[in-house]
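The two complexes that follow have chain A in common; it is paired with chain B in the first and with chain C in the second.
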Partner chain A sequence: MTIHATECLLRLHDQHHELEDYQSGVPRWCTGCGDNAILAAVQRLCRDEKLRPEKTMFVSGIGCSSRFPHYMKTYGFHGIHGRALPVAEGIKMARPDLDVFVNTGDGDCCSIGAAHWIHAIRYNMNMTVMLHDNQIYGLTKKQASPTSPRGLKSNTTPRGAYLEGLNPLTVTLGVQNVSFVAQAVDWIPEVLYDIMRAAYHHNGLSFVRILQRCPEWLPDMFEPFMHDPMKTKLLTHEKGLQLSANLSKVYKNQEQHDPSDIHRAREIASGHDPIPVGILYHNPEVPVYEELRHAGQQRSAGYIKTNFEAELDKFTVWPPKADSKVQPSA
Partner chain B sequence: MQVELQAHIAFHLTGRMPQGDGDALARSDLQPALLAGYRDLTALRYDFPLVLAAGADKQPVQSLSALFDGALKGIAANGDGERIRKHAGRLEREIRKLIAEGTTGTLSKLCDLATVRIGAKNDESLQKSLDRLRAALKIDGEVIDCDKAMPFRLFQHAWQGLQDQKALKFRAQINTLILKLSDILSADFGHSKEGMSAERLQASIGAAHRDTFDFAAMSRMLTAASVNVPMAESRRQRVRGLLATLRTQRFFPPAIESDKWIGVAEPYSFAFDTCSEAVAAYRERLPKMTELAKAMAIAKLETDGEYSEARHDAFFAQFGDNGLDADDIAAFPDYLVCLRAADFRAAESDLILRAFVSGMPAKLVVLTDDLLEQSPIRDDYLIAGLRSRQLAGTAIGFGASYVLQASASNLFQLREQVLSGLAYRGPALFSVFSGANASHLPAYLAAAAATESRAFPSFTYDPSAGPDWASRFSLSANSQADLDWPSQRLDYEDEEQQRVSETVAFTLVDFAATDPRCAKYFAKVPRAKWTADLLPVSEFLTRERKDLADKVPCLLMVDRDNRLQKVIVNDTLVREARRCVEAWRSLQEFGGIHNSHAARLLEQERKVWAEQAQAAAAAVSQQTSAAAVASPAAVAVPAAVVAAPAAAEAAPEKSPDEPYIETARCTSCNECTQINDKMFGYDANKQAFILNPDAGTYRQLVEAAENCQISIIHPGKPRNPNEPGLDELIKRAEPFL
Partner chain C sequence: MTETMDTAVKSRPRASKAARPEQGAKPAVTLSENIVEIVSDSGEGAQRCGQTFGAIASQMGNGVWTEEIIPAEIRPPARSVAGGSGNRIRLGSGRITNGGNETDLVIAFNEQVLLGRVRTGDLKSDCTILLESMWREAKDPKIVASYIETHDQLVKAGYRVIETPMERECKTIVADAKRGKNMFALGMLCSIYSFDLQIAREQIALTFGKKDASVVQSNVKLLEAGHDWAEKNLDFKYRIPAARSAEPQIVVNGNTSLALGVLASGMEICAMYPITPATSVSHYLSSVFEKVGGIVHQAEDEIAACAFAIGASYAGKCAVTVTSGPGYSLKQEGIGLAVMGEIPLVVINVQRGGPSTGQPTKVEQGDLLTSMFGSHGDAPKVVIAPATIEDCFYSVITARKIAETFNMVVVVLSDASLGSSQQPFPRPQFSEAWLAPPIDQSEIPAGLKPYDWDATTGLARRFIPGQPGGMHTLTGLAHDRLSHVAYDADSNEAGIRARSHKLAALQRTLKTPAVFGGDKGDLLVIGWGSTKGAIEEAVGNLRAEGRRVSSLHLTFLQPMAPGIKEIMQRFKKVITIEGNWSDDPKDEIIDESNRRYSALAMLLRSRYLIDVDCWSEVRGQPIKPATIQRVILEKLKQKEQARP
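Right after this comes the complex of A and B.
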């Protein structure tokens, strides 16, 4: 139930923010880094959706990607390695009214934070997760990450990586309760923005893997894809992405893909070349954990105190006749 | 003319039977033939009795038989299914008998009683079946039969359920606001001097470690270091005022956690027996309601940190002056008024209609017990359901109120409509016929007969269903709504024990025949005098008057021994039946059945269409004769016209001499802006464009083009011909032109 008059008032005095109002400081990322494109797209999204900075939250772990909250003039939480998702879930549980975004990298999410990632998908809480996937540990200067392709030479794999890279899309699409999976590339900003907007509007956990260039350590990684538009396959559908006429002219390799078809989504997700870009899977019907658990209920001070005491009492050993000493004398 | 016929016509016209020519009607003996099968209702399985289910998540009105069927579906699937089914049937029959005897109570109580009465104690298998059945019956609640009190009970129950749901939502919201407002005050206190005093700091730490700290020093340091600006006094006052308003509201019971509040008066009651009481209460509570809605709106802003005195004070000073918003009103309880049509005075009806117009959220249930009233002007005139017709008609006329008319027997069938009427945002009128009048039929049958005979047709008018009559008005709950009178097949056995099948209509006259007060309008005709001149009433009503000179309307009835009888009818009832069918036909038109406007329009369209078709046919025949003379090339013309425009639209090409950036593809990577931020700039979407081509050198343009990761910078031709090293630069720029 909403009080109508209030809604009117809020609309009356709607504050309009410019993109710069969401910008905080000059990013410390290298010149040419794909993270800049993601930042610009997200700031654009915040402006266009009129997100109130004090009601918006960016949570991250550790890595280049995870510096993201510093550059947003909203609330942020630069967490610890691999733990961006649990922190974000806690925030959402206590404050379901906030818009929560998570920025995590291929090392942060797919290596040390892998367990949290799997369970966050299963919990399906309403938040937007951006996996900045540059396929390398950049902040610590070029070590192989779980998504580095086989044969990649790095400081930790001087003879080339021995293993196939992990595919975050197929992993995510294999987890129970998955509700939104998309892939974007930082060098097509228009599509990146469209995908981010769709992800934001989805009620549930939206997982967006963004292939992101690292000009410092892997300058040639995506070179072929950037120079041959046929090596990018855009997924379009009336329920997914719709491309502008100009973009359609450049990217002619397109596929009509219904995002509700999870089997085809899994097939598409397994492809590396051409890179699939678009919304692979979308199911708005999956239950959202905080809604199942009626999160965000107001608790009075008395309620918190009673339950907190009860919780501590579980661990208290009460020696005989200790009551008078411990209990405050009236 | 035969003597019998003369006597019959005399009765038809005057109401008097010449001596010895016909039997005076011994009333209670006869029933309309179509009702013959329904003498003993307890032996039949039908909608009633109903169970008023307790619990917010359940459908509030359920049918006993459907409940039993549902329970059996789950448990009677195995081998012993047949046995359980039989035993459940016995229990259900016994409950029906108990109800018919006047026993009241909940389903579980009636089940207990019935179990004892059918002797389950001495029959282990019966007891076992009933135990399993009882376990599968997930619903409990009061059981009610179709009697005089039923409609009010049903409406009160359904209304209460909806109010409980509203209360739940409302209280959750109020509770949240109260807690958040209290948090604002306590945070303010925590930052104040008193909040940081040594005593308070001490009190916040457990007794065990109290001696470890110097609270006075702590207080001094905290107070000195505090940069917190105390809350403005006006805000503090406002928050306190809001808290007081929210805590003392009486529209809903107080929220659970705040039960302890002192001085909270009893919550208001919203169920009334008269309109005047309801309207008076509404008027009295309106200012309080406005105040509470306002407090909630302010509190919401306040807790979101959005309240600004400069902006909002003026607005809220006038809040509610023009009445509350429909959404705001909808959150508050509805006023339920249950009254009997017989007690309904003209002044009351005027009052309630005025309240309806002003949008009072009233749910008015008007129960009619007697449909056949004497006309106030002429004694020999009967008027069927005058008052209810009048009220429902006026309420529909307003356009913005929900109107439902139905007999008590149809209420279960219309339960969804009853619920949506009660939940409707605005006034709603429910006009119900109870069937519990002097008639010797059970209330259920009398009510059903009233609907069937069009004396009290069912309809709903739901303004929320759409913008027009087609979506708002529905007659679908009536049987065979497209006919004047519904008709059923009647099978009986004639003197030669042969099966005879006949289609018999159920008319207003049949309904009147169930009422002992109408006995004087009927006369039984001995079998020997059954002639072809006795015409069924339904047929009599459809024939032209001039063909009726030597006909007498008659009804088929059955007596106590289930023998078919014919009964002739006095003209008074026939006249009333004509009026009734007139009223029914105008309802049909509202409901889109045999709609005269539509029929007229259709006729017109048909005519136009026919003319066009004729014209087209004429043109074709002319053309074919013309085509024989001219060449056939003319046919191809339209195709050529369509083909032309497609090529026109093309994007304006950029001049290769001018430098430019494909801005939409820019990834905001800062490569170019770091080379020269006067030359390259970002637009509102943080994507690069050429800010000023003359703010730097051609060399910078070419370098930016080379550095751009996605090659979207096009340097164009050099603007300054004297720039050093131009030849080399032009060569380097070539791939990006």
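Right after this comes the complex of A and C.
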């Protein structure tokens, strides 16, 4: 990759951006949709981290959640169903200088794109992945998703879902090279923001599952959790989240969890009730794929020419009386 | 698994003679060309022998075309008819453009792999066969019986079988004769074709140079032993006059040529998933790409490989994904996204036999229509087909350039034959103009839109992440010039029109391809891809006999260059010759109302409203020039008969 002079210029003053600088259009999500809360947290994060809009990339697949990039005034890539992760990986490999975020839903990530999800964890490229998990297909109008709980009635499971829901946290924590796993809920914005910030600062793939309400198709899904704070277990730690005094007053069900402890993280991840919220696992030492591959190298035409000619030499049959200047010495 | 000769092989009167030469010098018979094969069980080194022989022949200055004989399995059972592995080399005085017709000489390490070659019908009826004779003394009486039976039948059928004690001779030099036999065979070939043994020694040093000196030494000894044995025991020797080119030549196969093209094009990211017969493109790239700043990403699947390449292309420079039929099918949705988002992308498809898993190691030209019309909806993309090993190299450079000039998907259709065949071509002179321009990070002027389609050409400036003022969300949904999702009729139609017009804009820049032969006549043969050498050889031979036949070879399949209709109109009859399926009108159920035409014939008929006929073959092998000659003569005859 070529680094341009414009890139090398020192920025003499910090650019200040307002929230509006990251906002684009009016979100077309339903009133009360959890995606709105995620959007608000992310726009706040961009502002607070002073992300340059032109160097920030939101990549998504297909589904309600994947409309997300359209509402950010950054570069966005709203691709095809299930393939947000490999597109994002290609972008990051070509341009490690970009901040890459991925928005994907429970159908997009855990069903049609499941293969990419597993491998994205293993590649551990430096990007922030938000799994907008509302446990239902919304855009196609209420079909069971892989994370729908058993018994959930939907248009494709009118007598109730036959299978247990897939747990994205335990799956992610089971994959080699996992480096950051967190869970947030859309209805505690303060924690959602803190988690997103920690995820953004992690060098590697940050996987944030966000439980998200779908007021249209599953209006009561998370009602009990919203009404009883004891049904949410907040994970706190000096290396993880620190809660504000106000929040601690409301959410008394807390656990001191060291995010470097993967075994405990896996135990916590398998719990549904109370819902664990916080940073389950964080390991900053896992190698990052684009760094292993030395992405973003500069190369000049002369450099390519030299190496290309050296390759051709390997396959060349020289004419009988070749000029010694032309023919390389053995 | 032991099989015996087909009874179908007809007996011939001629018997095999003792091969021992008379005392004194052995005169070399001068030939203009010869086809030689070396075939063994997989892992016995026949391929290395063949490749090295091809390289020596190139050094000698002979025209060469080498083809791999590949079993479908990695370790097929030893001594099996389907398990033969090796190389087929056509040597000539002048330039050789294809694999030619039947084989003149075979070295076989056992009679079973030889039978496999006999059954393909690829050997000349009086072919000379140097057959490993150790099986006559095998411990297993079944093997002995099989060997003797096959040997006797081949002799009876008219082949000139020379029993050769390769193993026995090698054992005097190396402990593991099974692994050294290939260099012994190489020595025999050097004697038979009067090659300079010093060039062979140097080539061995080059081949085994990475290993220690003793390996080179023992291989050279084996080479010399083979040479000596042939000098003493064979009663024939050939010389194929050669002239080394005054220009440096590159000797690589089509897949390596494609990979060199990727290097030279300035592309930096190749995303792939392993698939036969395309994988060796990535093997070579993986070994060298990082040295020149590139990355080969082996993705988790074909879909991911396509998506990864799309992401990389979108964010920086055009990227490439390399695949074959089944993988190409899997990439279709991604390709549609690249079309819709106007993301430059090069997709290399090294075609194999289909449909489904089909014939992974065999050649077919079955993907032309799917390359053009694959992906749902109207998804115009550029399709080009290299016709030679040299073309493989330049086609990637051209593809990259078109992809980034027109923001389009460019499909490069190679095939298993080009991929594994070698032919020398002039060493490319590197040009900076081949390289992709640096990534544009300049500010987008106010008012410019991400899809500001030009009213005539449909072209729009590409916005690249990092460019201030260019922020927008690319989408696979229908969109307007601002890249906003747009479901309205006008926006949808405007986008489709713009993407379509880009093909027309490219078409306007193309040159009419040159006709091979006379510019008018009785019959025009049109082909595409790897059949070029064979078609032109057949046409050349027929023209030498006075037939008014010419050929036209298309590199651009979509869009097609201007002037093709005018060329066709100058001939009384036009047919395509292709390596894909077409119904034969002679089959009982087939008539003009249901006949399925070959891909290119169908395209030419629909585009130019000319009654283009076709002939095709799906036998998993390159079409032979002699076959094409026969087809052309038949078609000419049909035409004459049809005359009132």
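Simple rule for what comes next: the second predicted complex is superposed on the first by the 286 of 330 C-alpha atoms of A that agree within 3 Å, B and C clash if a C-alpha of one lies under 4 Å from a C-alpha of the other, contacts with A are read in each partner's own complex, and residues count from 1 in each chain.
Everything below uses one rule, namely that contacts are C-beta pairs under 8 Å (C-beta built on N, C-alpha and C of every residue); 3 or more make two chains touch, one makes a residue touch a chain.
Note that the structure is a prediction, hence the values are computed from the model and not measured.
Colleague: More residues of chain A are touched by which partner: chain B or chain C?
Modeller: After superposition, C is the partner touching more of chain A.
Colleague: When the two structures are overlaid on chain A, which partner does A:M57 contact: first (chain B), second (chain C), both, or neither?
Modeller: After superposition on chain A, A:M57 lies in contact with chain C alone.
Colleague: Contacts for A:Q43 in the overlay, against chain B (first) and chain C (second): which applies, first, second, both or neither?
Modeller: first
Colleague: Based on the superposed arrangement, let me know which partner A:A301 touches: chain B (first), chain C (second), both, or neither?
Modeller: both
Colleague: Who does A:F315 touch here: chain B (first), chain C (second), both, or neither?
Modeller: A:F315: touches chain C, not chain B.
Colleague: Touching A:R293, do we find chain B (first), chain C (second), both, or neither?
Modeller: A:R293 sits against chain C, while chain B stays out of touch.
Colleague: After the superposition on A, what does A:P146 contact: first (chain B), second (chain C), both or neither?
Modeller: A:P146 contacts neither chain B nor chain C.
Colleague: Check whether A:T31 is in contact with chain B, with chain C, with both or with neither, and answer first, second, both or neither.
Modeller: After superposition on chain A, A:T31 lies in contact with chain B alone.
Colleague: Quick check on the output: what are the common chain A residues between the chain B footprint and the chain C footprint?
Modeller: In chain A, residues 1-2, 4, 6, 54, 298-299, 301, 303, 326 are touched by chain B and also by chain C.
Colleague: Quick check on the complex: what are the chain A residues that touch chain C?
Modeller: 1-2, 4, 6-7, 24-25, 53-55, 57-59, 69-70, 72-80, 83, 85-95, 97-98, 115-116, 118-119, 293-295, 297-299, 301, 303-305, 307-309, 311-312, 315-320, 322, 326
Colleague: Residue numbers of chain C touching chain A in their complex, please.
Modeller: 55, 58-59, 61, 244-252, 256, 260, 263-264, 266, 268-269, 271, 288, 290-293, 295, 297, 299-301, 303-305, 307-317, 319, 333-334, 336-337, 424, 427-428, 430, 432, 435, 438-439, 441-442, 465-477, 484-485
Colleague: Taking the complex as given, what residues does chain B use to touch chain A?
Modeller: Spelled out, the residues of chain B in touch with chain A are 169-170, 173, 175-176, 179-180, 182, 186, 206-208, 257, 293-294, 296-297, 300-301, 305-306, 308, 311-312, 315, 319, 325-328, 331, 651, 664-671, 674, 684-687, 707, 709-711.
Colleague: Can you tell me which positions in chain A touch chain B when the two form their complex?
Modeller: So the residues of chain A in touch with chain B come to 1-6, 9-10, 13, 18-19, 31-34, 36-37, 39-40, 43-44, 54, 186-190, 213, 215, 226-227, 246, 298-303, 325-329.
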